[in-house]
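Note that chain A is present in both complexes that follow, paired respectively with chain B and with chain C.
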Partner chain A sequence: MTEAPTPAPPPLPEAGTDAAPVNFVERYGLLQRSGGVATALITASLAFLIGGLVVLATGHNPLSAYREIFNGTGLNWLFPWVNGTDRTFAAMNLQQTLLKATPLMLTGLAVAFAFRCGMFNIGGQGQYTVGTIVGVWVGSSWAGIPGPAHIVLAIVLASLAGAFFAGVAGLLKATVGAHEVISTIMLNWVAFYVGSYAFGLGGPLQNSTNVSVPISNDIATNAHLYVFWGDPILQGLHIGFFIAIGALVAYWVVLNRTTLGYEVRAVGFNAEAARYGGINVARSYVTAMAISGLFAGLAGAIDILGWQFRVGQLDVQASNIGFTGIAVALLGRNTAVGVFFSALLFGGLINGTSGRHLSADVFPPQLAGNLTLIIQGLIILFIGADVLVLYLWQRAKRLRAGKTPGAVEVGT
Partner chain B sequence: MTTVDQPVRAPAIAMTTRRIGIAGIIFGLAAFWIALPPLTVRSVVWPILVALAALAAGIWAVREGERRIGYGAIFSAIFGVALGYFATQTSLGHLNIVIVWSAILAAMLRYATPLTFAAIGGLFSERSGVVNIGLEGMMLMGAFFSVWGDVQFGSWEVGILAAMLAGGLLALVHAFFAIQLRIDQIVGGTAINFLALGITGYLFIQIYGEQGTPGSIAEIPDVRLHLDKIPPHALGHFLDGAIGQLNLMIWLSFLVVVLASIVMFRTPIGLRIRSVGEHPRAADTVGISVYAVRYGAVVLSGMLAALGGAYLTLGFVHSFNEGMTAGRGFIALAALIFGKWRPFGAFGAALLFGFSSAIADRLALAWGTSWQTLFQALPYLLTLIAVAGVIGRSIPPAAVGRPYKKQ
Partner chain C sequence: MKKKTRLLSLIALTAIVAVGLLAGAGFAQNAKHARTAATSACLVTDIGGLNDKSFNHLAYVGLQAAQSKLGVTGRVIESKSGSDYIPNLLSCVQGGADITIGVGFLMADAINTVAAKFPDSKFAIIDFPQEFLASKPANTRGILFREQESGYLAGWLAVKELVSQKKPLVLGAVGGLKIPPVDHYIAGYIAGAKAANPKAKVLYGYSQNFVDQAKCKELALGQIAQGAQVEFAVAGQCGLGALDAAKEKGGWGIGVDADQLFLGSHMLTSAIKKVDVGVFRTIKQVKGGTFKGYGNTTFSVRAGGAGIGAISPKVPKDIVAGEKLLEKKIKNGSIKSIPTTVP
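Right, the complex of A and B next:
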């Protein structure tokens, strides 16, 4: 886990016999270095293709299912020929997609930042949950203070809570060498049960009006984030979207233009060399994890203040946003731009497959939700496997050349 | 696991210190235990006296050099007296509801069994050098496909086979990507968990839809032992309540632990698995196929985790629901780490976590579900403390998580 998540494509066996694969590898490697757009597109397409096969095999029409999901994302708003009520609905759908993409950008950054320091922050979910707990607690208490101050307070405290939660894992790694994957997994479940307890029946943060419902109090109305696109009643898009964009910019600036970012990247590239070069590796681990948690906690706060306004026990238990952040970061190659686009993709997928947009006649939304999970899993699986692309490519080439396909051993 | 070396002291004296330290730990627990049914002392004096004995033993052990066990005894004394005090302050009615030892033990075994299967599975995978955080997903596959096979063929045996096949297949995917394509094993495991959630959820909706799995599935039978005939009536009654009626799979899980221990530490196969996990290059040099051993170990881990899932559905709750493993695969992983990558250690940790679930259930009977929910965070906190090195460091196999590239 100390290496960068993207291994360089290994040299191909028997590559000298034909000029084509060498060129392919060179082209592929170039794309990889220039941001890895090709791998991301290939893996995403492959995952959607396999997902389509699953749909086909279970007796549904994949084309109409995917078309319906696409329309549900509201991305057809971008097409100039969509007019009238279709356009109104598309706008509302697009607002929803961006609403879902906003926290995903942040949880994606939470995973990406730790990755750049050579750590796998699998605890984005727990840090997000802690952010929502603190966010809803601050937002629903102290109703007297003015709106902007209330919002800033809630956002800052929730982010700090996330930072603290992740910082524990960083500290354990820095001091006693506990693997951050293990500690963040454990912390995820601690957050899961603490959240379930806090908002559950008889819990300390359960609402004061209806004691039979395991939901928190609503946050104060003046602590709601401003909705700049669409109707606030119908969950329009709030300014948290711009906070997330700001976080993407901050991520890029911190990593590429500050000493801290340089040290983080140096540790991520080679911890031993960084130590030899005089960088305090232990401190980098703690800082990187804390910054990661800061992003995830911020995601929690923004969801609360932007559109959820309250948290239920079920929200804590059913939420997948932190885990999806892993897929977002991996698909986005841990770059700010990549995270933005992959958050859009997953936000669209989540929104397009929700029961609200998908008609059950075309494709049942419960199936579509699970299809999203399959696609997500496949993307994560394939994205790490650059070698797979080469493997399949070589195999196809060999089949064309009429040789035995089994002769290719990529692993050797 | 660090070995305690005592070059100066004679072994016999060191053993005595150790024993006194361990006795201290037991006394600390006893300080709590005497305040519970059946003894139920109602004065706080007795727990304090017993805890003082534990404290003395602990301090003595620390001064004699048995630091770890000594501190364990001191902690045990502090917790024992705190919990003992709490118990004496609690009403007798509540204590009698919560503490029914035979029911607690039976529930502990029921909760521990899925964890045991998955943890032993994880043991094989991780000892061979492949991190398996996909245990959760493999367990979920086992849970779904055991029901599917069971309903299709009307027999739980087929259900179990289907579960092992499905879990093994998913593990094969993990193995292929981790070993052959050398992707990051944690990334791969994460993907496996997502895939399993998606696949089982999709098929569940597709096949069973809104009604859920049929009520008439063939269940794995319980083993009925008539232990209440055992002479002192109280003992017979207790044994009968605790282990008189356990599911077949629970007994099988004991067998799996023993077998895993024998295979891992007493056979050439185990030696190969461990060598591949500690130093693959060296293993390769002496002619062991690193890839073959790792493939075998990972697929076996998937099958065992799936058995845990099959027990969960066919032996415990008798139905399937989306995402029903609810983190049990991760607790199993925690048990594996807590148990220091050893079969009996993992089994002990699984029992401990099962015990905490059982206690949580009983607490809910007296005080409502609120505390039960919070109590369920305990296994994870304990594991966090364990990896932090407070209860002796947990050190993974040397080559775990590192892809191996043949030369």
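Right, the complex of A and C next:
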């Protein structure tokens, strides 16, 4: 951080190419502003292409596999000629895709916001879990409160809990310089074990009627989020979807239209320059982490109130929504629109590659389960690679502009 | 200008690929959901997945047996997360399955919801008593196992083997989550050990986990440090860590659910529950028209649904013979009321 070679004025996003990037976050931040939407599209297409080759290598037809995956996402609902039972299935699948994309948008934002402040929030999973725990606690207590108030209370408290939990990591960075990557990873485990304890046998939030099952009580019926599409009993799409879209808008507004957002971005561009410019960097770290945690906590709450209604010890342990959020943010280039689309892509992928769509004639069931992981893994791999692609792109640009290649820092 | 053209052509290319995929997808009206005359069975796994080498896998083995021996059509769907349970079950029901089987207690709430919504379809759930389902659906049957009998056999064998080796009679057991099926195994194990020799001592603990092998290994190493000579792993994949600890420290390992003797020469035997038998017989009942909801079917040693797996060739012949005798006694009911709860 101390050897930033740039002179005093904070570097503008477009002009950042001359500064030698110091660490991954800075270098990535630099690159992501120069590639636009094209690299994200190329990344995703490449992953699908290679995924297809993998399918081909196993002796199956990649086109029919992708067709099944596409139908599995429910996107065929958009085709007017799909009707009858197929249409019913398509609608159900699309609901599930959007249901899965909803928390991903929020955990994506949780990573993205910290990223814009120059921090890598690995703790989305822990913050999500904390939101889940508080959501269950509030949702399953005080059954007498009228529905809307109960919902608002649960959502607000869960979000604040997430914010507080992530704020700890921000505070540690701001005061004693503990690296947020380390502290958020450790906090993930704190949340994991608090959740395992709370919902485990004999835990404070464990079911009071089925004492031998490690699962929480159901949340009060009047605290369920309204289901606007599909069957409310059979996991239809709830209004949490719009809450997530609202959060995307809020993200954009806060970042681009407020002093707080300006400060956060300035710190993200160059913390030293921001400090020189009179910005309270320590405070920005704490607020940025807290806001990140707020998004993740909100994701936990709306999953509970929207479709889960109860949570088991194993649900806490097996969940990876916070981690997928990292990929969502990276592919979405930390912008609101990008996070929206990449959350949809990941939601679609997760739902579309589910074993229930890949019929055994196309794929044997054991293989189908792994195909999901292969394609997701490839996308994540290529997101990593797109930093490389961008780097080469930049380099080529500079060469064409007539600069000496020696000026470019090698050693990505 | 040249740069711009290149970028545009790239975008155009991507768009073409995308449109190609979409167009192909539009014609995918297949007859996947068509109803067939043969009995059809549909299995939904929990998040453990088909490759868990344990009960999800065994359930699938049962389904495959039903397909080949009974001529039923079968379908299996893996769940990747909790949000898959209801859609997967729905997919079975709306796909026209005559019986939909959920594997594991994690599926209980989803089965409860879907079974109540479709009273004309048949459901079964493995490892969860039907009367514990919130709405007690009349079209659902619980498939349970007497894990305590398997545990009893394993505990007895372990102590007899230690006696013959003149080693201290201290046994270890590592459970995953403290849930009924796990406790049944451990309670039976303790009872079997005491029956073989009242001086036998059993150390046990729970890793709070079914996946992370390091957790179970740590727990097992702790028990071995306290003198445990045998490690009984009742924790799915996590348990493999406990067996590893036994291998490293020169102790015996006892596998769970499936026959795990193949793991190495340190394996004494496995306490098994034949989820495959449970699934097969349930499907057979549906085919024969004798399936009834509202209640549980409990598979015991006597019914061929529980027992122990292959025994290590290092175990003396007379102990193996004693084991067979013990199994007979459990079958004919002269050993009964094996405890199901851990003290």
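Just so we're on the same page, the second predicted complex is superposed on the first by the 327 of 412 C-alpha atoms of A that agree within 3 Å, B and C clash if a C-alpha of one lies under 4 Å from a C-alpha of the other, contacts with A are read in each partner's own complex, and residues count from 1 in each chain.
Note that a contact is a pair of C-beta atoms (placed from the backbone, for glycine too) under 8 Å apart; a residue touches a chain by one contact, two chains touch by 3 or more.
This one's a predicted model, so the numbers in the text were calculated from it and none came from an experiment.
Asks: So, A:L371: does it touch chain B (first), chain C (second), both, or neither?
Replies: A:L371 contacts chain B only, not chain C.
Asks: So in the superposed three-chain picture, is A:G200 touching just chain B, just chain C, both, or none of them (first/second/both/neither)?
Replies: both
Asks: Contact-wise, after the overlay, does A:E68 reach chain B, chain C, both or neither (first, second, both, neither)?
Replies: The second partner, chain C, only.
Asks: Identify the partner contact of A:V176: answer first if only chain B is touched, second if only chain C is, both if each is, neither if none is.
Replies: First partner only.
Asks: Pick out the shared contact residues on chain A: the ones touching chain B in one complex and chain C in the other.
Replies: In the superposed arrangement, which is not itself an observed complex, chain A uses residues 196, 200-201, 366, 369, 372 for both chain B and chain C.
Asks: Within the complex, which stretch of chain C touches chain A?
Replies: 7, 10-11, 14, 17-18, 21-22, 24-26, 28-30, 32-33, 47, 49-51, 60, 75-84, 86-88, 90-91, 94, 105-106, 108-109, 113-114, 117, 132, 177-180, 208-211
Asks: If you look only at chain A, which of its residues touch chain B in the complex?
Replies: On the chain A side, the touching residues are 1, 5, 7, 10, 54, 58, 120, 122, 172, 176, 178-179, 181-183, 185-187, 189-190, 192-194, 196-197, 200-203, 323, 326-327, 330, 364, 366-367, 369-381, 383-385, 387-388, 391, 410-412.
Asks: Considering only the defined contacts, which chain B positions touch chain A in the complex?
Replies: So the residues of chain B in touch with chain A come to 131, 133, 173, 177, 179-184, 186-188, 190-199, 201-202, 205-206, 291, 322, 327, 330-331, 333-334, 337, 368-370, 373-374, 376-377, 380-381, 383-384, 387-389, 393, 396, 401, 405-406.
Asks: In their shared complex, at which residues does chain A touch chain C?
Replies: 38, 41-42, 45, 48-49, 63, 66-68, 70-71, 75-76, 79, 81-82, 85-86, 88-89, 92-93, 96, 99-100, 196, 200-201, 210, 212-215, 231, 233-235, 307-308, 310, 312-315, 317-319, 350, 354-356, 359-360, 365-366, 368-369, 372
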